[in-house]
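The two complexes that follow have chain A in common; it is paired with chain B in the first and with chain C in the second.
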Partner chain A sequence: MKYPVLVLLIMGMLTGSGYALTPAEQKGLDIALETERRDKGFENYEAKGRMILQSPNGEIAEREFTMYTLEVEDDGDKRVVRFVEPRDLAGMVSLTYSHGLEPDDQWLYLPALRRTKRLAARDKTGSFAGSEFAFEDIGTWEVKKYRYEYLQDDDLDGIATFKVKNIPAYPYSGYSHMFEWVDQKIYQPRRLLYHDVAGRPLKELRFYDYRQFLGQYWRPMKTVMTNLQTGAQSTIEWSEYKFRTSVQEHRFNSNVLRRWSN
Partner chain B sequence: MKFKTCAAIIVNRPWLTIGFVALLVTIVSVGSGGLTFRSDDRIFFSDDNPELQDLHRFEEKYGREDTIVFVITAKDGDLFTPEKLAIFNDVTDRAWHFPYVKRVDSVTNFQRVSAEGDEVIIDHLARSGDTITDAHARLLKDAAQQEPLLLGRLLSTDGTVGLVNVQFWLNDELAGDMAGELMEHARNVANELRRQYDMVTIRISGSLALDNAFGEASARDGMVLTPMMFGLIFGLIGWIFRSSVVVGAAFLVIGGAIGAALGTAGFLSIPLSPPSVSAPFMILTLATADCIHLTAAVFRRARQNPAGDRRTIVWEGLCSTFRPITLTSATTAIGFFSLIFSESPPFGHLGVIAAIGVLYAWLLAVTVLPALLVVLPWQGTAHGLLVPDAWWERLHGVLERQPGLIIGVSLFVGLGMSVFAFTNVLDDRYVKYFDQSFAFRTDTDYMNQHLGGFYALEYSLNSGRPEGIFQPDYLQQVDAFVEWMRQQSGVTHVTALSDVMRTINRGMNGGSQAAYVLPEDSSRAAQYLWLYEMSLPRGLDLHEQVTIDKAESRMTVSLEDLSTQEVLVLAERARNWVDANAPAFRDSARATGTTVLFSHIGQRNIDQMLTGTFAALLLISAILFVIFRSFSLGGAAVATNLVPPLAALGGWALFVGEVGMAVATIAAVTLGIVVDDTIHFVEATRRGQREGLNPNHAVLYALKHAGEGIVVTTVILVVGFACLAFSGFQINAWMGLMTAIVIGVALVFDLLFLPSILIKTRS
Partner chain C sequence: MVKLVWNIGTVACLFMVVFLYVPTIAQGEIRGNLEIRGEYFPDGPKFPKQSTKRWQPIVAGEFQWQDEFFDAMSSKVSVFGKYHPFADRELTGDIREGWIGYLGASSELKAGMLNERWGRLEAESIVDILNPRDAFEDFQGDVNLGVPGVSFSYLSDQVQYSFWVLPYSRARRLARGKDRFRLTELPLRDENFSHGRAYPSAAGRITTFLGDVEVGLSHFYGHVRFPSFEVVLDAVGRPLGLRPQYDIINQSSVDVLWVQGHTLWKLESFYQVGPEDHFFAVAAGVEREFPSIAGSKKSLTLFAEGYYDDRSTSFSVPFTPFQRDVFVGARVSLNDFASTEFQIRFTHDWKHESTLVDVRAQRRLDRVWGVEGSVNLFVNAQQDPALGGFREDHRFQIKLIRSF
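Here is the complex of A and B:
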């Protein structure tokens, strides 16, 4: 090599201006891509969620819903959430088309109104049914929603994980960044630490009791979100995971949302 | 007598005495390192205060209200221009970077619900980063007029003044500690913004500004009052005794008493707070009185016997003043100790620190001071200190001619004034605790004037069951309560769930103003609110509006600059209205909040201090009866000291007319102080009688011997307490001023009423 200094200089400029990934960024992205690769091809799945909200002073409230997810090739997944409890919310259905950097599309069917409303909120930071989960947290994950930076291998309660820093790539996120601990064996998150826009730790999400379905897809049976600033906690107990059900793709459409309601 | 032996040891072994006491004082003073300072507004309330407990229950549901408010005014009178809306967004974005920030509400991030066909748009009124044209800004101005949750709360109705309301996640402990830091942060931000934008003015208010002002008031008291009072008091001592040695000796005694009192407070974990930081100044004043009594007695003997032995002269001076100094210190300490009955802990703290200081001052004044007068060189004065003897004879002449008339006139004037004491109006508007030199005061007054809302009533309206807030009955009654509130004078704004519901209903029904009504049924209401909650961005959610089980919702009633009495009246009327008209949440309609706490504290303090004052009166009267061993003398002494506080409060009613929570403590504190003059006077009269004088001449004897000391110490006490009036903190200023007035009035009673009684009843 004749001009090693020049080459180094150009490489440095490229890296600094974002044209190339640093090794850490490359490894972070690789982990994300591997996670995506391993979870590909499930077609669809549904699960029941029982959510327990606990306020900082110990008050408790419960929600119950069923979540249906449809895998979409080359774009974000589509997701329907149908509420069962509490009674006043029974039959409410939300439909979300997850996109990478564009705002998600979101519709809501209100049984009391017998109408479907399109929600044009650019924020994804809203609370999911009054819980500590933001819509941003409950939406389906897409690789391109974040920039990644691998930090280190980390031992998390006896589980070998990659610790990765995720930086939201879409506007209007409620977070500056989060730290993710990805299980090295199953390539699923074990822990997420969210930081608010000012960079302070805000929430912690833990995933418990992963089970494998169809011999491939890992899903947690319990997820717990804790607000580190207030102490409020929301727990979702998942059950009745079903993969590759007979649900048809055309049902994930705002025009027929009411049919989910009953 | 035993004390004479002790006194002999003190004058014969002065260095040993000084060394021993100095060691004790030094050891005790070490405790001042453990002193803590609390400056949050909660310090004024004891843990078992029922209003505070109500507020705690409220805060468990909705969180604490710790706020810094940026008050932004358009210089040209119109906030709705692209540039000024951008300023709001800049302030809002900066606010999100404050430590401990929980929520930021501003004019621009107000969540507006609008509709386009079947699309419901929930978004910031003017989002940070979006381009806004002049025309768009004007449209937003019109849109803002349709938002009752914005208008009158975050935005003045004329669109001139707007707020950025920053809320923090703090607890009782942190609030006091962080107020200063967060306020400094806020001021820095405000200064940066002022440099950056000249089209707006920026002011800062909020509950943390209040907490910070409490801290600043104390710091300022220390900075302003310390040099002023030390200068005045020691200047007076120097002028009276014409001796720098006496000034130095008094300084050691007084400094020692203050240091030891603060040290003991530190060991006892008594926290300092804005009212109790005046304790050192009170100790300074009271300790001076002890020093003057002793030094004056020594000087008098030196004058009578210029060639006498120093030790003997000091010994005689000490022996003759030991009893009165001890008794007066005891009564003064009792008066201060009785403040532990106060409903408001800072006054109890003030009382205990001052009482302990008075006791240390006594110890130092009867040990170190005489010892210093033995070892230090001083020159006595050739003349009397202040008042020539001839004046006392003239006064006595007047008294002995018409004692009955003087008794009658003093009682008539005194009791006549006392009648007005009860016409004082209680008011604890906590913004007014601070004078106009505090930015907090002027900024908050400005906000109250243009928008209101610093004072507020908070309600948690309980439907009685989970999801109950969606019931049509409940919502309609909340709505009616809101409407009723809005019609009351003094109410500037009401925030409640009913308007949230109306707003969403409008958005769900195409956005026409005709749809600004409540949803028809409970499931519709529930689903609307769910939709709304889901769309609100983080930090603007409904956690501060409804409880997690949806059984209760909050109503916030913003008020003008109302007096705390007017606040109580409004809360009472609201309660009656709810009783008659709102069965859905009848039992829960009890107003709470900081404003309510301060509205009740004045009366509560009076109720509690009645017991304390009575206890102090009982103890002090007992002391008077015991030392005088005479029922009539004791009775006269009690009467002499009961009238002045009442008369002074009557005078206060005529000139000021308004009193705060501190007023309840005045009677007990002053009783202990003013009774000193009576003790000195009666003791001197009895001494005269023991020397064989008839009562009439014994009174003259007392005037000549004790009169001067009484006048001199009273002047010092009045000056010392009047200095507190220069505090920018109204509680301390008024307490000092009232005490000074009472002491002044009591002097007149001690020199006119009491001698006349003694002449009249004993001859």
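Here is the complex of A and C:
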């Protein structure tokens, strides 16, 4: 019963602001809700990420981290990122509580100072570990964060997709809107085209090599973010996905963040 | 030839050698860093016995090992060692952490050398009292010494209750003899603990997270961490030295952090009762981050903090460098591949009109190597009891760091 209630809440929220959904917006929202429904119930998962940063003039740098995500029933998910490489970042841990329209909460544990710091930036446009990914792109996706407008069915490299326009509904976004190509078969994004606040194309994110886990949950093995204005590129190679691990909910708490660093 | 003095520092250095040569002593993870520092003092020392060497090389390292076993059991060792040929003690070090513990779902029990940080402020967390500071390694007090003890924490939803019993008191490590950054010309004598080092200290802390607000309430009982000083006189009343005096105190404190938009508001306050005085201190600050300057990946963070402490300035009352002070600072992060960062920080004492200028820069050279530089300048510090002893200790420092 929770799913229809959520639909009604979102509908109410949109119509309550004097905004009636057009058929295209309704279909866009339906696609987002179906994406969310298919991904529900994973409880938690972890994955190792190897990020390769490439500057327009060919410089290369690497980062390695492990990402842990906890599904939260009535709010956005919680996510911990623990860095392994480069070695001066080893043991640094970030914790994010993702919320719908409310700003996310974020902390950082700095092992050299043995200190957990609350981060101030509500503007999530800041770079994640020097990459082309913004904190906004790394946070967990929530239906409520966007307004949706279905545009058309589209063929993307031989894959049937829905092309949807997403407009951030939360404050402090660095994007005016983005176009998303959603795989019609697995209901996962295949491509995202971000536009900056002036409406110019800014970045493109591509998802490759989706694999299914526990017979239900699809995850990409590679994601590539390209800055269309500078040519810089950041690639994350994902590995060792594990679902429903023994990680306990209490560990996603800023008071015990230093435990992740151990 | 290095003179070996058997203390916790020497033991820490020996541990480090073991870690260097036998990296597979355990199944757990080892990480740390080894660094070569060069320190340049453009001025000669203020006090006669201090080293006159303008260039001072230092080799230092921190090695950390941690492991988990038997499901919820865990242990951690973090040792620091430093070789400084022109220091009063050439070889120093510390076991900054070294505990074995049970880390359960809602409770945590640790025993050994503990290292805890309380507080929210950037320049100085005035409520942070559990561990004594290594003021020789960092005269600004950012480095804690490990302290032996037992801790227990219970986590309930968003509230954490923590308790510590610390059966042995350690003294703040202060510069002495040949060292730069000495407080006074008078030599430091052995410290005195009013109830003996083996007299236990105890502390309790409650922290909670209420959305945009975080609150910590703490109480500490035991030997004070920042000493008062007793002047040791000879038979005819001439001063021979200063003896750091650690008396028993009770300190209750509160620290609050509030997130408002892009801004962090911070407040710390405590009330301390000791044998010679009881006093109140408060500090408040603001931190504002500006990510993505002009659409780039660069970010700017600004800090401003004010400190007030109404303790007596008598030698018999624990000393503090943050009595009437204002701190402002700025940090620019380029968020490039090298994680390049610049900081400039000013700490101004409005009573004595002295200023500490602190400029820092750092960047990564490759996967394991990094470089850091800093400049410390003491402006108009003659009358300031906290900085007066450092006024000839303007320092340029560069570090080449190898992380592993």
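Heads up, the rule we're going with is that the second predicted complex is superposed on the first by the 243 of 262 C-alpha atoms of A that agree within 3 Å, B and C clash if a C-alpha of one lies under 4 Å from a C-alpha of the other, contacts with A are read in each partner's own complex, and residues count from 1 in each chain.
Heads up, the rule we're going with is that a contact is a pair of C-beta atoms (placed from the backbone, for glycine too) under 8 Å apart; a residue touches a chain by one contact, two chains touch by 3 or more.
All values derive from a computational prediction rather than experimental measurement.
Once the complexes are laid over each other on chain A, chain B and chain C cannot both fit and instead clash. In the superposed model, A:61 lies in contact with both chain B and chain C. Once the two complexes are overlaid on the shared chain, A:108 sits against chain B while remaining clear of chain C. When the shared chain is aligned, chain B and chain C each come close enough to touch A:174.
When the two complexes are overlaid on their common chain A, residue A:255 makes contact with chain C while staying clear of chain B.
Contacts of A:43 after superposition: neither chain B nor chain C is touched.
Of the two partner chains placed by the overlay, only chain B lies in contact with A:92; chain C stays clear of it.
Overlap of the chain B and chain C interfaces on chain A comprises residues 53, 55, 59, 61, 86-89, 113, 115, 118-123, 125-127, 130, 174, 196. Touching chain C in their complex are the following residues of chain A: 53, 55, 59, 61-62, 85-91, 105, 113-115, 118-127, 130, 174, 196, 248, 250, 253-256, 259, 262.
Listed in rising order, the residues of chain B touching chain A in the complex are 60-61, 63, 96-102, 116, 118-123, 127, 129, 169, 466-467, 470, 508, 521-528, 530-531, 533-539, 541-542, 547-550. Against chain B, in their complex, chain A makes its touches with residues 53, 55-57, 59-61, 86-89, 92, 94, 108, 110-113, 115-123, 125-130, 134-135, 171-172, 174, 196-198, 200, 229-230.
Note for the complex: chain C touches chain A at residues 31, 33, 66, 68, 74, 76, 103, 105-106, 108, 115-117, 120, 142, 144, 153, 155, 158, 160, 207, 209, 211, 214, 257, 259, 261-264, 287-289, 291-292, 295, 297, 299, 301, 335-339, 364, 366-368, 370, 401, 403-404.
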